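Per-chain residue numbering starts at 1, and chain names A, B, C and D are given in the order in which the chains are listed.
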Amino acid sequence: MTGNSIGKSFTVTSFGESHGECIGVVVDGCPAGLKLSVSDIQREVDKRRPGAGPVSTRRAEEDRVEILSGIFSGRTTGAPVCMLVRNRDVDSGAYEKIKNLLRPAHADYTSRMKYGGYNDYRGGGRFSGRITAGFVMAGAVAQKLLGTMGVEILSHTVEIGGIAAGHSSLAKIRKSDVNPLRCADAAAAEKMMKTIEQARREGDSLGGIIEGMALKVPAGLGMPVFDTLEGDLAKALFAVPAVKGVEFGAGFGVARMRGSQNNDSFIMRNGKIQTATNNSGGILGGISNGMPITLRVAVKPTPSISRKQQTVNIGAMENAEIEVAGRHDACIVPRAVPVVTAMMAIVLCDHALRAQLIPEVIK
Amino acid sequence: MTGNSIGKSFTVTSFGESHGECIGVVVDGCPAGLKLSVSDIQREVDKRRPGAGPVSTRRAEEDRVEILSGIFSGRTTGAPVCMLVRNRDVDSGAYEKIKNLLRPAHADYTSRMKYGGYNDYRGGGRFSGRITAGFVMAGAVAQKLLGTMGVEILSHTVEIGGIAAGHSSLAKIRKSDVNPLRCADAAAAEKMMKTIEQARREGDSLGGIIEGMALKVPAGLGMPVFDTLEGDLAKALFAVPAVKGVEFGAGFGVARMRGSQNNDSFIMRNGKIQTATNNSGGILGGISNGMPITLRVAVKPTPSISRKQQTVNIGAMENAEIEVAGRHDACIVPRAVPVVTAMMAIVLCDHALRAQLIPEVIK
Amino acid sequence: MTGNSIGKSFTVTSFGESHGECIGVVVDGCPAGLKLSVSDIQREVDKRRPGAGPVSTRRAEEDRVEILSGIFSGRTTGAPVCMLVRNRDVDSGAYEKIKNLLRPAHADYTSRMKYGGYNDYRGGGRFSGRITAGFVMAGAVAQKLLGTMGVEILSHTVEIGGIAAGHSSLAKIRKSDVNPLRCADAAAAEKMMKTIEQARREGDSLGGIIEGMALKVPAGLGMPVFDTLEGDLAKALFAVPAVKGVEFGAGFGVARMRGSQNNDSFIMRNGKIQTATNNSGGILGGISNGMPITLRVAVKPTPSISRKQQTVNIGAMENAEIEVAGRHDACIVPRAVPVVTAMMAIVLCDHALRAQLIPEVIK
Amino acid sequence: MTGNSIGKSFTVTSFGESHGECIGVVVDGCPAGLKLSVSDIQREVDKRRPGAGPVSTRRAEEDRVEILSGIFSGRTTGAPVCMLVRNRDVDSGAYEKIKNLLRPAHADYTSRMKYGGYNDYRGGGRFSGRITAGFVMAGAVAQKLLGTMGVEILSHTVEIGGIAAGHSSLAKIRKSDVNPLRCADAAAAEKMMKTIEQARREGDSLGGIIEGMALKVPAGLGMPVFDTLEGDLAKALFAVPAVKGVEFGAGFGVARMRGSQNNDSFIMRNGKIQTATNNSGGILGGISNGMPITLRVAVKPTPSISRKQQTVNIGAMENAEIEVAGRHDACIVPRAVPVVTAMMAIVLCDHALRAQLIPEVIK
């Protein structure tokens, strides 16, 4: 039942449960000499904190980052970096009541089948969105490392509840956290907010789409034939709860394109080889081509809704109804935005190390 | 520059190039005692052979499977199974002429950047669709193993060039190889064929979508938080050249659904817990829930088109034009169908072994 | 710079430094349902505590075990188990003074070369014997799991400073912790103690040999050709600081034996196939044969001695002299005994899971 | 039942059986651009060919190396290199007769227990010394790579049947293949030869010790705390059939040394930091220190002896006698010498790549 580590040269191991002691992560493979402080990590963790307004959970998550190892005199030492946030403000009562009622679209049933009923079901345990706090801590380290190469990663909300954001400039995307929806298109964000508000009033929830981009990634990252950049990015992104689809560049749109439309022409630009368009999403043959890496992630509506739902009582093995109380986001999409950034950073950092584009000692 | 192995308990290692000696694969982790013959493998390999009609490449691929190890007295021994097909009918001349012209949407540029120009560029080398012959051989072993559990995997074409197939019964999908498009909807298949024919006449190519299904997969496969079933399936599928998107169940459609629509209700059916709908694609929390696993894969139009394209001559570092001659499929989608099946089988077999649902010795 | 995880199905990830926050470990792959309490772990950790008398370090290590994850209602959940002990009573001053003087036979020089001088040198950092507290915590979990199969692991001191223990019964070995030397031969233990005392008085240190045994290991553990039982045990044991040799069964003695002496005859005993002798140490072809697994580990004398030694000042790049103050064991061998047990348990547990001899859910 | 791959950045996957089609190996992770020809590999494979005289097996092994992939225009491409030698001159008859008689000290019993009787038992199958032909092919690639760094690996016989070789100069060790015993001390070699001859006449066999050395290995190889250089070297060496012990530097001798004797003083020599002695075998804290890496490997007497032995008939489950006919080495030690070199090369190459001391593209 292993499966809690990802990455070959930059290896992230996740531990912790929603209502246990803490959510934590061990990063093995970080080069020595990287300047790293608690505040570097805290800044990223704060981004996934519930925003103001109607968007997200009312659980007061004040995640204070602790670094337990791997840092000395303000720099990484080359030893594993263990980081965690403690769980506070935990109310497990609500879960106890519905212990035998399988919450639809949650992992209640599958985890029970897999772990013989021994899994920690409180607050979703290992399947809670809270585990992504660990991903974000690891991603913060990865982003600092990628920063030494000039790589920048940007994620933003491009669709919620059927409302699509219009095209935005990089400048606007960089500032997309000005609204709690992490959407660069302010007008669309306003509409999204209203739709979410309405869904919440109706005891319902909404899904959406997040776009991730990595800028200034050099050509040459990715290890065909199996450890392709798309494959490793997709695997990491599917570890984020609620993700049901991942596409690169033109994505599913390629199904309706002809080769002559989809093929990105190579052109000389400022003495460098680039492509005129970027339908490939910056990846050809599983290897980065120097253009921006672009991907889109489909996030399903939060499974926890207050409406009455049909389900099964697994204790009695009979049909039943369930109303999920507790504090839940009506739309998880905005909080998943920094997690998409983190997963991209983890994978790109792993591949940059594998391609020897980040040295083993940072000077 | 590793990256040519996939799977933890059922490990597939790929080797070989399009115009080298052979395409091969080593399967490590196959339990002992499985009845396995060359014809079991050959049957699957034949499925990716170019069909009749206008669909696919005219290169006469008569891939004859050789098993080099791991079989004794008609059964697997528990030792690694090495299999290969020799390359015949190879014409590398066409590639030599355009050696310095980067073929748009191909890996010419990225492989040159990564391997310093030492990669075998003939016929695409490691980036050729031919490497999937190895995937299919490994997938054939995986399918035989999964067969001992009753698991069945089905893949079929659901969209080409904008023409979508209608819903088909399982019976029809099982027989979808009656037409060279691997499409269960005969009427749609006919239209697809005409569209492909036209694209070919115009020196162009088409993309499409493949649906994969795994039936009778027991609940409990998948290893959260990183080795989720979605994550490992997606990673394997992105190893198939030309795949640019992977989605499960309702996929990108979840972005426009409310929780009350997307959540699959649990219901008792014949004494078993099932879900009323299957928007999750049979996977919750990264773990199979006993429902059919369903996924969709976006395949880009074949990059090799005979139309004149804009590109760069990397020798001269200047803009240039290219016309890609040689034998190419106008639509690779149908030939990718058995490869999708193979990748699904490899991943599900790996997870069945990890979950101890296949024993180490088959009796 | 990964390298801090070991095991494929029972994966142990180590973190922490001697004078940092803590020494910790994450165990991924522990089946669900195993009864596990802090006291199970504490009991093993206490065994590596400095004994009374002249043997070991005077640093007061009161290692109190904390479990941060993976346990719910007194049982493992199938999720990663993170455990740690805090560092207390830390005196880093002594190390600051000799920062540029390379301590002979320590990792000062190699770690500086590898980590560019960024490693945490205080108290040896990652190279301190203290990291083995983490190994012992993981080993305690492994021993509980192996206990469900009836496997018992025993380690004991068989030689120190040239004084060899005589052959002892299993009963005596089981009680070998009655003396602080972990030696089953009381008379030899007494002599060892005097020799150690004398070495300490002379500002010197002693090495020795530990024997490890695993009883009731079923036949079939081990994964040739590379993941042999000998290979994986040896690799794990060489992770224990100061180990310079590992041998199985007759070990280096085989060099002077003829085949007719060394070959263990098979015999029927109580209806079972066994071997008359056990020169193989219970392993043939890298796979356990059902006989006791026996191995011996050579432990070098503690590098830290108070005698004046010749060395180099790496700041000035010139020859220098060093006297290593601080609290050090004159003989580390007895404290390494529970660590040998732990490493054996970790490896055997990993292989028992890989061979499906431990189920994924313990009932 | 995986376990046939070793190495993280230079990954070697073994396949094939003694009396099957071939013995092969896939090397994944070899940088692109390395000049490599069949003759580079053949040269090393020839070294493990049976020598003249009474030493080794009379089976005429004319192992002709075939390279199936990964080479183009005389250089590696960065793609996996698959190599094999065909099995010829195979006589499986002798094995059929004794199929149910467990050969003492062989893997007959353990492989049958593990693989449920499905393993290929002919000629030892996967447990034959012949699999090391694959190791040697991979080792030849590794040696070429290490050669680009100036690293040289030397192995030689230092003891057979109780006869120890005297100390020899590096020059003599480099030429130790002048005698079929691979022993640098000609006088000792002569005595060894006579002893082997006598053992053979008496239907018996002899064991011995091989010393391996790696020269000019830079400081910094090795990945603590688990992927230590000692640990990874030992694991690789225990994959060689018949190895029962591995020690580094002073090895088991450390048990009788005091710290003041064993500690290697650091000294300045020609402006470089070195150690006055090399009891550490060139490894401190699991990391190379720039001194020669030295290790010793204990090889057990060939299990196959023609003398009558006591054993069990596993078909009848009763005691029985066995006489192993067939062609066997009376002493396998000399033929294992190039295999020790190969294993050392594989591990050092893996660690050199992990430490980024070999680039991903060789120019």
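Assume a residue touches a chain if its C-beta (ideal position, glycine included) is under 8 Å from a C-beta of that chain, and two chains touch if they have at least 3 such contacts.
Since we're looking at a predicted model, the values are computed, not measured.
Averaging C-alpha coordinates per chain and comparing to chain A, the farthest chain turns out to be D.
Of the two chain pairs shown, B-C and A-C, the one joined by more C-beta contacts is A-C. Chain C and chain D have CA centres that are 26 Å apart.
Rounded to a whole number, the gap between the C-alpha centres of chain B and chain C is 46 angstrom.
Here the CA centre of chain A is 39 Å from the CA centre of chain C.
Looking at chain D, one finds that residues 1-5, 8, 14, 114, 126, 355, 360 touch two or more other chains. Chain A meets chain D in the complex at residues 8, 355-356, 359-360. By the touch criterion given at the top, residues 1-5, 8-11, 13-17, 20-22, 24, 26, 28-33, 67-70, 72-73, 75-82, 84, 114-116, 118-120, 122, 125-126, 360-361, 363 of chain C touch chain A in their complex. Chain C makes touch with chain D in their complex at residues 1-6, 8, 12, 14, 102, 104-107, 109-111, 113-114, 126-127, 131, 159-162, 199, 203-209, 219-220, 222-228, 230-232, 234-239, 241, 243-268, 271, 273, 275-276, 279-281, 283-290, 296, 298-305, 307, 309-312, 314, 317-319, 354-355.
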